[in-house]
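These are the structures in question, set out in turn.
Okay, so subunit A shows up in both of these, paired with subunit B first and subunit C after.
What follows is the complex of A and B.
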């Protein structure tokens, strides 16, 4: 039987990170993945990631995937694709199917990083073609270049629902609405705001009553639910759609760990059946580890750190590094993970109702129910200030773990401080040079450069723009508010593209100056 | 003894619901009504329901319906979902053809 120091199941962000860490310590590592391509969900993620520099913030997910694969290659990690692990046994033996052959292998340590699968919710017609997981729609669009449909309703307003809705819009689909049975939007407000300013309505406390159609989806009816999630008669709304995307959470794919005999626990906060494990992913069976979504649903940035921590722990377990050497590395990794797990969306705060930010500022309720910060709410946030000349307006109103805006400004106009979940503030007496780096660098597309008074009755607003075709200078059209509704006429005065902006183009529009704090998006005539 | 093991408990009669014909396990085409009926026929654990109806034993191996079946069974028994043991995990984890399952080969080829 073939023997490896470490066998990793799953070549996603967690599995690859652990494999790199272990291989760099001199271990012989093999990674199996049942997919035809490595990277897990990373290659579907075309948006810029949150976090700080050490979490590769501001880098798009698929680029992080490429970086990880290159690192794995340099470290000498073997990645075997189209390889389905079909069994894991207590004495760390695995059975893997590769094409039409079965192989038995033994690992001195095993890391399970199998990730998660999408949840479904049953409603009349949920088995019709056209109803699909939001992740499936993302796979179609971003991996295969196939449009999932033309008119889409999204069920679920967690980060997956919000991010995929925006990507559907970028692909040219019409997103008719986002619905969620919960009373408040579950994902980051900045993700919701990107979708809302394109004019997509949100229906909270609403869920799907019925998908219509005989051999494929032709329409959908949603209705309002009460606090016990029961439909309220007479609140039905119909939409003509050909696609219904479902983004109602993920379940850890932890079956291999259960099969091996690891102690399991049913933890709704971590997404379902998860292994009992310590902070390094060590399960109840010595030598079997887990990392990433399989040990509790989070996101790719924390999965990468969990993977590295598990890699370190495994190297120590097998005696590849002395105890003392890993202490410092572990401390740093733990700090990185701690940072990601802070703020309003921290795993420990899931499901709790929050009224104010950590700074004590009342949260925007419109953001939680309609997806945008209302005009009369925006002024109370510290990133929103007024001054003469061009200056950044940062519409970042929730405590999320993200701070690239602070690093990216060459003039240090924006400050977040030590705690990366603090709201960004505009530094007093700083001089904005209108370079646009903050607008392009904000992963949440929540920063705008505004000259509130050009002296001729107009104001100029620079907005991030990730749609094609890109408008040209001189184009005229309509400025849309944060709610996606038309506020006034607008013309494009400048279009900036640069490799430093990493495909987030900057559109500067001119509007009457009274709309300087209202207009946030541009729609071309026709 | 937890409430699942106490088979003397009265869970009330089977009452038809309007969405009983909704498919829950799409691989094996099992409806909500069939699952609810099975509970009233004495199948009180996920394993029993599975053996009786084949829920979660099709192509996706319960990846889609496991949580849905659990919710329905727990509601029928009037117990929290956490009291229900999930189905046993056993090899092969993914559907596999018998000719492949029997085709044991030697080493995995690596570029070492």
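What follows is the complex of A and C.
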């Protein structure tokens, strides 16, 4: 039987990070993954990540995936693909199916980083072709370059539902609506706002009544639900669609841990059946560790830190590093993870009703129910100020762990402070040079550069733009409000593309000055 | 119907394999070598991959990562092949799967969508 210091199951962000740490400390590591390609779900993530510099914020997920693979290569991590681990037994033995062969191996330590699978919700017609997981749509469009459909309804407004809806719009699909049985949008407000300003309606307290069609989906009916999630008759709404995407959460794929006999617990805050483990992922069985979504649903950014921490802990467990040596590295990792776990969307605050930000500002209720901050709500947030000349207007209204705006501004116009979940503020007496780095650097696309009065009755608004075709200077069209509805005529006065903007192009539009605080998106004529 | 994304605002033009021919239930179709069979079928407007054994209901792409087994078809004679993770190759013989066989059910047609 082949023996390894560490066997990692799952070559996603958590598994690879742990394998890198362990390999760099001299351990003999092997990683198994059932897929044909490593990287887990990172290669489907085309948006810029949140967090701060140390979490690689502002870098797109698939780029982080490439970097991780290169790092694993350099560290000499051996990754075996098309390899499904089908058994984990006492004494840390595994059985793995590699193509048509079954192999039997032993590890001094085992790390389970198997991730999560999509939840489903049954409704009439849910098995029809055309109903698919939001992750499936993401796989088709971002990995295989194929449209999942032409007209799509998204069920679920967590970050997956919001992000995938935006990605569907980016590749030219029409998203007819987002529906969610919950009364409030579950994901980041900034993700919702990107979708809403494109004109996509949100239906909260609504869910799918029926998917229509004989051989495949041809339409969908949603209806309102009461507080007990029962349909309210007479509230049905029909949409002609060919695709229904379901984004109703993820469940940890913790079966191997259960099979090995690790103590398990049902924890809704962590997403379901999860192992009992300490902060380094050590389970109840010495030598068996876990990291990433399998130990509780979070983001890829936290999965990577959890992986590093588990790698450190395993190296210590097997005696590859002395106790004292790992203290400092561990402290830093813990700090990074702590930062990501703060704010309104922190795992500990899941399911609690929040009325105000950590600063004590009333939250936008329109953002929670319709996906955008209403015109009469936006002024109360600290990123929204008025001054003469070009200045950033930061429409970031929830405490999320993210601070690239503070780092990218060369003139230090934007401040978040030590706590990365604080709302960004505009620094008094700072001088904006209209470089656009904040607009392109904001992972939530929530920053706009605005010159409220050009002196000729117009205002200029610079918006982030990640769609094709890219408008040209001189193009005329309609300015859309935060709600995606037309507010006035607009013309494009400047289009900026730069490698520093990383595919987020900047569109500067001219509008009558009374719409300076209303216009937030541009739609070309025709 | 569906189609390929010619150019993506973030990913640009995706690299695909050469165009190859394959058959679905005897009809010749084209796809890109190496892409999942399911992706090639999607581009060709094929929604139904199989009909279920008991109730003859249609199934198509559901998870697209080889987990749910909804998209299985008969590929080169092998039933229950997960088309979302099986790469397309030149000359592949793909068949719609009825239960676990390539022979359509006696009733000729699948049943309609589930009745409420």
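Assume the second predicted complex is superposed on the first by the 526 of 526 C-alpha atoms of A that agree within 3 Å, B and C clash if a C-alpha of one lies under 4 Å from a C-alpha of the other, contacts with A are read in each partner's own complex, and residues count from 1 in each chain.
Keep this in mind: contacts are C-beta pairs under 8 Å (C-beta built on N, C-alpha and C of every residue); 3 or more make two chains touch, one makes a residue touch a chain.
Source: prediction; values computed, not measured.
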item: Fit or clash between subunit C and subunit B when superposed on subunit A; value: fit
item: Which of subunit B and subunit C A:124 touches, first, second, both or neither; value: both
item: Partner chain in contact with A:148 - subunit B first, subunit C second, else both or neither; value: second
item: Partner chain in contact with A:101 - subunit B first, subunit C second, else both or neither; value: first
item: Which of subunit B and subunit C A:139 touches, first, second, both or neither; value: second
item: Which superposed partner A:78 touches (first subunit B, second subunit C, both, neither); value: first
item: Subunit B versus subunit C as contact partner of A:429, first or second or both or neither; value: neither
item: First (subunit B), second (subunit C), both or neither touched by A:355; value: neither
item: First (subunit B), second (subunit C), both or neither touched by A:34; value: both
item: First, second, both or neither for A:210, with subunit B first and subunit C second; value: second
item: Closest approach of subunit C to subunit B (Cα atoms, Å); value: 5
item: Shared subunit A contacts, counted only where both subunit B and subunit C touch the same residue; value: 34, 117, 124, 127
item: Partner subunit A, residues of subunit B touching it in the complex; value: 19, 22-24, 26, 32, 61, 63-68, 81-82, 86, 89-94, 96-97, 99-108, 110-112
item: Residues of subunit A defined as touching subunit C within the complex; value: 34-36, 46, 60, 62, 117-118, 124-125, 127-133, 135-137, 139-142, 144-150, 170-172, 210-216, 466-468, 470, 503
item: Footprint of subunit B on subunit A - complex, ascending; value: 2, 30, 34, 78, 80, 83-87, 95-98, 100-105, 117, 119-124, 126-127, 251, 253, 255-256, 258-259, 264, 266, 272-273
item: Residues on subunit C engaged by subunit A in the complex (per definition of touch); value: 1-5, 7-11, 14, 16, 35-36, 39, 42-43, 47-49, 57-67, 70, 84-85, 87, 110, 112-114, 116
